[in-house]
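Shared between the two complexes below is chain A, which pairs with chain B and chain C, respectively.
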Partner chain A sequence: MLGMGTGILLAIFGAALAVLLAGIGSAISVGRVGQAAAGVVSEDPDKFGSVLILQALPGTQGIYGLLVGFLILQRTGLIGGAPAALSLEQGLAFFFAGLPIAIGGMVSAFAQGKTAISGVHLVAKRPEESGKAIIFAVMVETYAVLALLMSILMLFGIQV
Partner chain B sequence: MGIAKMSKVTLLAHQTDKERILDLLQQSGVLEISDLTEQLAAEEPLADFLEQDQEQEAMQAVEKSMAEVRFNLDFLNRYHRVNKGLLDDLLAEKKALTVSEVEENVPTWAEISSKVYQTFKAIDEQLLALRNEETRLQNLRKQLQPWQKLTLPLEDLKDSKTVRLQLAAVPAAQLAGLEAELAASGAAYYLELIDSQRGESFILLAAYTADEEAVQDVIKQFDFNRHLLPALTGTAAENLAKLEQELLDVQTAQEEALARIAEQVQFREVLLYYYDYLSVQRDQKQSVELLARTESTFLLEGWVPTAEVEGLRQKVSALNDSIQISVREPYEDEDFPVQFENKPFFAPYEFVTKLYGAPNPRSVDPTAPFTPFFVIFFGLCLTDAGYGVILMLLGLLGLRKVKGESMRNLLKILVACGFSTVVCGWLIGGWFGYPLFGAPLLFDALSDPMRLLVYSLALGILHIFWGMAVKCISLVREGKIFDALADVGLWYGLIIGLLLLALPSTAAIGKNMALVSTVGLILTQGRSQPTLLKKIFSGVLSLYDITGYFSDLLSYSRLLALGLATGVVSLTVNTMADLLSGHPIGYVAMAVLLVGGHTFNLAINALGSFIHSARLQYIEFYNRFYEGGGRIFRPFRYNTSHIEILGEGAQEK
Partner chain C sequence: MSHNEYIYAVGRIRSMETRLLDTGKIDRMAEAPDAAEALKVLGETEYAAHLADVGSANDYEQILTAERRRVYQELREMLPKPDLINLFALQFDYHNLKVLLKAHHLKEKRDELLEAELGTIPPEELVVAVTAGDFSQLPPRMAEAAEKVMAQFDPQLVDLWLDQALYEDLAAEAKRFHSPFIENYFAYLRDLTNIKTFLRVKRLQRSPQFLATALLPPGELDLVELLSLEAPLEELVERLSETRYAEVVSEGVLNYQQTETLTRYEKLADDFMLNFIKEAKHYIMGPEPVAAYLLAKENELKMIRIIMVGKINQLPVGAIRERLRDVYV
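Entry: the complex of A and B
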C-alpha cells in the first residue's frame, strides 16, 4: 500500500461513496417500507406477497451502488489484478463516475421509499390494485436506472 | 382476438323459478349481472311495484353459518396450525364435486359444522376458565412461597386479646436494626426469622396489644411490608403441596381439552368445503339484490359474451318455457365490460394487461401487440443464459404440478421469458456470469456497452413505431383514413426523417422528409380547432410532442442498464467466490456464496425485469394508442377455493 498515489485513493473514494450513499438510501427506505408493510400484514397476513415486492423496490439502488463500486475497483485493478498507477486526473475521473449513482441512487431511493409506503397503504385498502402500487414505485426507479447508466458509461469511457 | 363482443341479455321470469335460474347462471359463469334496482327505482310508476330485501333473512342465515364455520376454522388453526410450505397452496388441488354431490353432502357438512361449533364453544369456555384458575393458583403460590418454613398452621395466625401476630417482609440489611430498635423501645415482643430469600427476610412478629403503639412507631422507620395471607387451614408448606397438585390437575384438564380439539382436526376439510358452499350461497343471495323484483316476478339483466348467448338461451329455456329472454347489442354510447379473447400463446399475457387495468371496450386489446416485445425486453433485462435456463425449468416443472389457471398463466409467461433470457444471454451475456460456451455469439455486452445501448434504443424505436402502427390499423378499421395519415403517417415521416438526418449519406433525404412532415403536421394537427389562426397555432404547438417521443425513446436505455446490472452482480459474486478457492473450507464457503449470491441476483433481477418490461408497455407503448377506462368482465359464478363444482345441468334437481 506504500506509495499508493492520490489518483487511486480518489478512485477508491468514488467507489466507497457509490456503495455508501446508494446503500444508505436503500437501507433507510427498505426499512421504512418494511415498517408500513408489517402493519398491513398484522391485519391481513395474506397481503405479505404484494407488500414484500413493494418493500424490495427501493432496495435496488443499493445494488446499483455496489455494482458501480465493484466496477471501479475492477477497472482500477484493485480486484483481480495489480492496482493501476492512476494519474490524479484519472483518479478524479473515477471519483466523478461514482457520483451519479451515489447521489442519484440515494435520493431516488428515498423518493421511491415514500411512494412504496403509499403503495402499501393502497394495498391495505384495495389489495386487487397492488399492480398499480408497484407501477407508481417503478416510475421513480427510472431515475436510479438512468444514474446507473451514466455511471457505467463514464466508467467504461475512462482510459486506464 | 382482442376484446370480446358483449350482448345484453334480459330475463323476465316468475319468482318460483328464481333460484333455479340463479343456480344455472352461477354454474355457467358467463353472465355478469347488472344492477337494475337503481336504474328502475327512478322510473316512477314502476318503482311502486318493486319489492325490497326479500332475501334478508336467508342472507342472515347464511352469514351466521359462515361465521360459525369461520370460528371453527380459526379455532382449529389456533391450536393445530397446518404446516404448509410456500408452494403447498399453489399445488393444492380442488376437490371436484358435481352439483348433486354437493347437494347430497351439504346436510352432513352442516351437521358436522354445528357439532364442531358446539364442541369448540364449550372447549373455548373451559379453556378460559382453566386459564383463570391457573392464574389464581399461581398467584396464591407466589404469596405462600416465602412462608413454607413457617411451622404454625395458617388458621392459628390470629390475633388474640393480648397478642398481635403479623407476618412481614423486611430487607435483610434492616433486620438487625429493626430488632435493636424494638429492643430499645421497651415493648414486649417476639420476633422470629422464618426465611431469607433474595435479600429479604420474612419474619413473624408477635407483640402485646398494650405495646401496639410503641411497636408501630418502630416499624414505621423501616421498610416493613406486612403480608396478609388468605384464610387457609394447615401450614403454608401443606397448602403449597396441595397447590402443586391442583396446578397439575389444571394442566391435565387443559391437555384433555386440547386432545378433544385434536379429535376435530379430521373435519377440517369438510369445514373448508362447507365454507366454500356457503360462500357460493351468499354470492347468490347477494346477486338477488341486483334484480328488479315484484311480488311474483323478477327481471334480470346482464352482459354475456355474444359467443355464449345461444348456449345460455337454450339452457335457460330448457328450465321453463315461461321465461322471457331478450338479447340486444350494446347501444352506441353504452360501455360494456371487457373480456379478452386471445390465442393460447397470447392469453397468459392478459395478466400483464389486467395489472394496468382494462382498456376502453371499443378500443384495441394491447395484449397480443405487446407480447413479443414484453418477452424480448425481459430477456434483455436479465441477459444471463444460465438464469434463463433456471427460469424455464422452474416454469416447466410448475406447469406439470400446478393446476390453478391463473398460476399456470404466470408459469407460461415464465417459460417464454426464460427462453428469451437464454437467447439474449447466449448472444450478448454469459452463463451465471461465466463464458461457459466460449464468447457470446454476437458481442459481449459488458465490454461493449455502447453497442448494446444503440441496440436498446433501436428496439425502442421499433416498439414505438409498432405502437403507432397499432393506432394506425385501428383508425383505418374505423374508416378514418385521413386521421391515420395525419396523426400516424406524418409522425412516422418526421421521426424517420430526423433519424436519416443523423447519417451523412442519407442526410439530404432525411432533411426533406422531416421538412415535409413538419409542414404537414402544422397544417393537420390543429384541424379540430374552429378558426384558421387557432388551427395553425395548435398545429405548431403539436410539434412540441417530439420531446415526448424523444424522452420515451431514452427510457429504453434501461434495457442496457438492467442487463449490465445482472451481469455485473454475477461477476461480483463469481469474483468473491474465486477469492475463497484453494482451501477445503474455502470451497464449501465458495459453494454457499455462489448458490446464495446467484439465487439472490436472479430473484431480485427477475422481479426487476418483469416490472420494467411491463412499464415499457404501460408508459412508452400505451402512450401511442391505448385508451383506458374499461372494466373487467366479472361473471356471476362459483368463487370457491377448496372445491370445484362440476356442472351436470341444474335441471336434474
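Entry: the complex of A and C
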C-alpha cells in the first residue's frame, strides 16, 4: 500500500469519519437510552419490548455511517484490492461525500437518543402510548436518512 | 457528578412516580368515614407492605417512618453516589442534633424522637459528641452551631441557630450539583420561611435585631432591607407583589389577618414549592427528577399525616380538604 497518493488518502479519511462520527453518536445514544430503559425495566419488566425498540432507534446512524464508508471503499477500489489512482480533487470529493452522514448522523443520533429517553419515560408512565413514543423518536430518523441520501448521491456522482 | 450518571435513576423514578398517590386516592382517604377506613386506602398502594406491622390507625406514624426509610434507602442504592440524597437527608442530622442538645440540657433521654437510618451521621455518633461536648468530628457549620448552643442554651434559639446552620449548609452543598433547580429550590424555601418568620416576629412585637437573628440566609428576598417591622401588613403584600411569591403572600397574609393562623399561608407556600418542583418532569436526565421525586414523596407523607390527624380528631371532611396540599403526579 506504500506510495498511495494524497487523493486516495483523503477518500479513506472520509470513509473513516463517516463510520467514526456516526458510530460515536449511535454508541453514546444507544448507551444512554439503554440506561433509562434499564431503570424502567427494573421497576416493570413487562415494558422490555417497547423500550428495546426505542433503544435500537439511535443505532441506525452508525449503520448508515458504515454503509457510506463501505461505499467509499468500494467506489475507490480499496475493497477490490486495486485502489484507483485518485487526483487530489477526486480524493477531496470522496472526503466531502462522507461528511453529511458523519456529522448529520452524529448530531441526529444525539437528538434521537434524547427523544428516545423521553419516550422510555413516556412508556414508564403510559405503557399504552408506546407507539407514540416510538413515532416521536422515528421523526428524528428523517434527518439521518436525508444525510445518508446526500452522501450516497454525492458518492455516485463522483467520476473515477 | 455528570448528568449522564442519573439516566438510569431517572428511568426508575419515572416508573416509581406512577405509584405516588394521585388525587383520587387522597380524596378517598379524606372522605373515609374514620381513620381505620382511611388507612385501608393505603392498602392498595406501595404503603401496603408497612400496613401489616401496624395494629391500630393511631399508629399511622410508624407507616410514614417505614415508608420514608424505604424511599431514602432505595434512592441511595440506585444512584452511583449518595451525595444527592445526603443533601436532602441533612435535615435529619440537624433534627437529631436538636433533639439531643435539648435532651442534654434538660438532662433527659428522648431517644425515641431521633430519626434513625435517614441522616448522614449515625445518631450514636451525635450522642457521643453531645455527651462529651466535643463536636470536632461534625461538619464545621453543624459543629459551630452546636458549640454556640452548648455555650449559651436558650430554648427559643436552639431551633433558630441550628436551622440557620442547616440552610447555610444546604445552600453551600446544593452548589455542588450545578443545578439551578436545586439551588433555587432551597432559595425559595428560605424566602417563604423568612416571610413566615417575619409575620411571627411582627406579631410578637420583637425588635428588628431579633428579626435579623431569626431569619435564614436570604434567597431572592432580603426582607430586612425590604420592609420594617412597624409597617402594616398591607405594605408587605404590596412590596412583594412583583415577586414570584405574590400570590402566596397576598392570599396567605389576607387569611392570616382574618384568622390569626398561618395554616393557609403554609399550605400556599407548600403548593408553591410543589408547583416549582413539577418543572423536573421535563428533565430527561440529571439530579432534578430524583430530587423532585423525593420531595413529592415528602409531600405525600405530609398529606397522609394531615388526613390521619384529621380523621383521628374527627374533623369534618371540608376542614381536612382545606389543609390538603397539591399532588405531584
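Here, the second predicted complex is superposed on the first by the 159 of 160 C-alpha atoms of A that agree within 3 Å, B and C clash if a C-alpha of one lies under 4 Å from a C-alpha of the other, contacts with A are read in each partner's own complex, and residues count from 1 in each chain.
Everything that follows uses one rule, which is that a contact is a pair of C-beta atoms (placed from the backbone, for glycine too) under 8 Å apart; a residue touches a chain by one contact, two chains touch by 3 or more.
Since the model is a prediction, treat every value here as computed from it, not as a measurement.
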Point to revise | chain B versus chain C as contact partner of A:27, first or second or both or neither | key: neither
Check your understanding: Which partner, chain B or chain C, touches the larger number of chain A residues?
Key -> B
Exercise for review: Have a look at where A:124 lands relative to chain B and chain C in the superposition and call it first, second, both or neither.
Suggested key: second
Exercise for review: Using the touch definition from the top, say if A:142 reaches chain B (first), chain C (second), both or neither.
Suggested key: first
Exercise for review: Using the superposition on chain A described above, determine whether A:42 touches chain B (first), chain C (second), both, or neither.
Suggested key: second
Exercise for review: Check the residue A:9 against both partner chains and state whether it touches chain B (first), chain C (second), both, or neither.
Suggested key: neither
Revision key, fill the gap. The chain A residues in contact with chain B across the complex are 53, 56-57, 59-60, 63-64, 66-67, 70-71, 74, 79-80, 131-132, 134-135, 138-139, 141-142, 145-146, 148-149, 152-153, 156
Exercise for review: Name, in rising order, each residue of chain A that touches chain C in their complex.
Suggested key: 32, 35-40, 42-44, 114, 117-118, 120-121, 124-125
Exercise for review: Would you tell me which residues of chain C are touching chain A in their complex?
Suggested key: 4, 7-18, 78, 284-285
Review point. In the complex of these two chains, what residues of chain B are touching chain A?
Key: 354-357, 449-450, 453, 555, 557-558, 560-562, 564-565, 568-569, 571-572, 575, 578, 604, 607-608, 611-612, 614-615, 618-619
